[in-house]
């Protein structure tokens, strides 16, 4: 942390800043330049309250943080890539992992049929929401535990691990009983109590970026989970809110190489929420893998124009099957693999 | 809802759109113009899933919603202003209500002293956080129930009603036992389970706008609370996230007259979070009242440079006392009043 | 400028950074902390290219600028408020200056009638566009020089100084011949050639903030004008582009006290473009003055629903006349004045 | 255009809206639903002023535009892809075109050396700025005509066509004399006079998206050029301004498939400005091509840490040469080609 003094600051202002830092228990080094003085605070971690205290003092122009606020999530302190194992799927390794399925679980037929279809096309995991956050109180909010049971049935039939959202601490035990990966949605990226609760489980977590979350804040959200002992966090870029209205969000693919540089955690991309339009999804699936993403999470529905939620951004089985071979070619072009399309075995 | 057909749409595309809408149980009227056809859907409320279904159909260019998605919060359906009574304070009436206090309750001395000071300067309610959401897991998160007890003690001494944040459904009963107004913070504006839970209480709610929440979404969040039977919702503008970095957020004061036009609910402004800098707060207090706000919520701390949170945006007692007479003059200029500064009576 | 080294940086990395800075001719001071080293660069002004060079070097984590990039526009180097005189109007003094008039000059009757009406209500200057930037090539773009002549005629009749936009260097001489204040529009805030050209005139300039211009960039735009010798720059906040779609822009009133702190230049607010809705304009006029603005620029039209541009954000004469007495009361509440409504004298 | 009436609108309000539209010369069709009436305006193109007029009328809730405001740039009216020929390079065809070179032309050695290096690595065109827009008046602004002469010399030596920015109408003839493609920079996307001026030339234009330009506005900017008779417009996505600060801009790759759907014009991506960090550029080059871009424009400099501008986002020759074979593989994966690396012939 560096305290930048005003050009008009007095020697006494400077001495008081130094004294205040020392009260907090940190050492200082000050430099008097031609225009102004600066004071460096030595030590870490430095609390926000120190910054706030210094910003108010007479003669202080601004206080600049130079150390990162996250540590467990940081590549500086953990240089090697983290690989997370979910059943026989490794997230963060050479294989690009494709997670696919409907926005919401709506019926047994819908989820079982989708699970078979996405597995056949090369998906490695099944997504599906049983608890849905909806902007309007008048919209469908998921089947609840019945939805979880149907997901488990789809897993039993196809062997695909399940990714599903947990909305609240109260539901966590129930969701964790069924899920292979706990999804934290974009509206809960900074629901810190929920982050800590999933941090106390041993389940892998898929942590979506909030719609106005800066990358540093997103990594701090991961830090909340990791600080509780659960280091199995996969980050998920799903678009940020901007002034552009043609797309539902602006998918920030540069976040992929940024996260790879700052953190050791795997990163997944959600082109369905990222764009909000099914016809943009295939292009952005390819672009995400080319940018270095470790996986994708894609909405697929047997009949999107009858979907109870997110119909406008869901791929049909045909769209998804058509996209996967192209994805495999792009993955190969960047030195990675995608699971081959397969005829799945019924579980019974 | 209006379906805009492509210029290239066929007659058959048009007929299928009409059939699909009728399947949902709604009547239609179509208009064939010189360039393209449009189909109006008659009836309300129209589900999101209808819009999503239509957007995918062949020949459809776009689907435009023309009805509002909220009703209980809407002035169209409730023309008169809502006034919310908290003790002897009326929010949404002629008096501009000033809520003041520290970001976090830190100690008995701090909160009691602040309560007296802000009451003396003309505040009508006391704010203070016992449960604090913090971006970093390494920062101070509030005293919990002990903080609530200290707030209650401050209320007993000064008579000021208490506004405090509830972070989770699990804590709600406890917080509601102490609080006069339940605050929903900006990170929970779309925590729909929490909204419904406070909707089931009979406590007034102060609902902050999320940092990337559009005004329509904010009113839908209020709708969640109201749909559970609790109509005592005060909205609170606290700044939105933009590209500008000098201020912590961009305080959107035009939201005040927008909300007044669209809704009957009272609106409060938080210039402390809205700017993030204590030296900008007094100007924005005045501007908020001039824009038509029904109240303010302002961070005040006995010694901001020793605050455990938000020190850089808190006013000192002196700053706050100096701002209040100016506020009274501006309130009077727009035909409203502010509570006069007063010598409070100890509650004993 | 401070160079923050990586925790993994070697002593050699550090020495090379120091050597590179010295090549640019600047002195350094380095501090080796517990986690990492930092190097301060002494001297000013420091070129962007130094920052860019250092950011690429091995072992460098980031480079943080601590000195401001503008000087002439800065209050640090020019503590006293600048007051700009336009005829008998002083911008930046105690009087809140109201500039009013139509978006575009459309006819002699329209501009003359408007000039009389706004003067009668208390405006001090007349605005009107003769050259209009329009998003679509198919919209009305102003009357050109004929519009300037009509503005001059309105000035001759009412004595009101004229504020009008200059769109290009090619038109500058012509516009400057008629205008009292040259307006630089939001799309030209970073049209640096135009800024320098108006900097070479002796005319006061009203410099609008661009729709995605940070305050620092806006002050650098003012610096462009001032560096050519013209220090008569009034800044104009007119809303920034955000994710909110109900308003045309988000009016950033906190920019008013921010600019007052960072700069000595006067600041004007444009609530018409800032909101895009006439019914929000009166509230935001009051809020702007309460926030500390030195003036307002407001669109007024005799018959806005027949306006050739910006009809939806223009006030009628009645709206404007009704707003002005309220404005005077708010101005008085913050210790300032507004020109009294007056019966104007015809000039001949 | 559809006029949505308020639920409280009277029959007379409705009749006046219809009369107003007819005054403008357009036919109407009205629909009275259960909650409210709507009026469709038939005909095209509909002026902004009609929308603005209607928005103000009593009983009107909102006015929704349903027709596009651009026509020449629209795929609806021009279904086939436009291919633009620059020398032997075809932009918008099967080959992914790579434009590379320094931000600014700095010296003969620098530009000639770079031209040879980028050609050898597979670039098809050379970029280089002779006139540079700079945020601060104290930074390097290019060599002017001398820079253009050096670019021409580099073209003579390597055969690479030249892409260079034109900043103003005054410079256009001079720049057009040397350039093969005229670049309109992000600060000039809505400099309508400059757009019309390049529209009157016969030179291909590379039109960058402004940092806060919506896609519709960008296509309207293209429309300005095309309306003057020059249909050779290539669009260039270069990042938009958002709340994220780690990257210089947020590269909006979903704009690529959006533009492909809405328009027939080719689209190029600039990952250098789009990210602002050289180490993010290679990943985003690959992602851009995977998303469907017709080309890339990339900053390459012999010695970026000595560059006079944009050093932090420029690739070295080695970085660029290393990225190109990967790019070729990704292009092939999506069914396209990249020019093979080549040993160029000196022109003499």
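Lettered A, B, C and D in written order, each chain numbered from 1.
By our rule, contacts are C-beta pairs under 8 Å (C-beta built on N, C-alpha and C of every residue); 3 or more make two chains touch, one makes a residue touch a chain.
Fair warning: this is a prediction, and the values are worked out from it, not measured in the lab.
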Quick one: superpose chain B on chain C by CA and send over the rotation angle as a multiple of 5°. 180
Counting shared numbers against all numbers at the contact of chain A and chain D, is it over half, same, or under half, different? same
On a C-alpha centroid basis, what's the spacing between chain A and chain D, in Å? 31
Separation of the C-alpha centres, chain C versus chain D, in whole Å, is 27
Multi-chain contacts in chain B, i.e. residues touching at least two other chains, fall at 212, 241-243, 245
Residue set of chain A touching chain C in the complex reads 2, 4, 6-8, 29, 31, 33-36, 38, 40, 42-44, 61-62, 64, 66-67, 76, 241-243, 245
Sort out for me which residues of chain A touch chain B in the complex. 20, 45, 47-49, 51-57, 69-70, 133-141, 167-170, 187-188, 190-193, 196, 210-212, 217, 220, 223-224, 227, 241, 278, 304-312
Over in the complex, which chain A residues touch chain D? Could you list them? 212, 214-216, 240, 242-247, 250-258, 261, 274-275, 279-280, 283-284, 286-292, 326, 329-330, 332-334
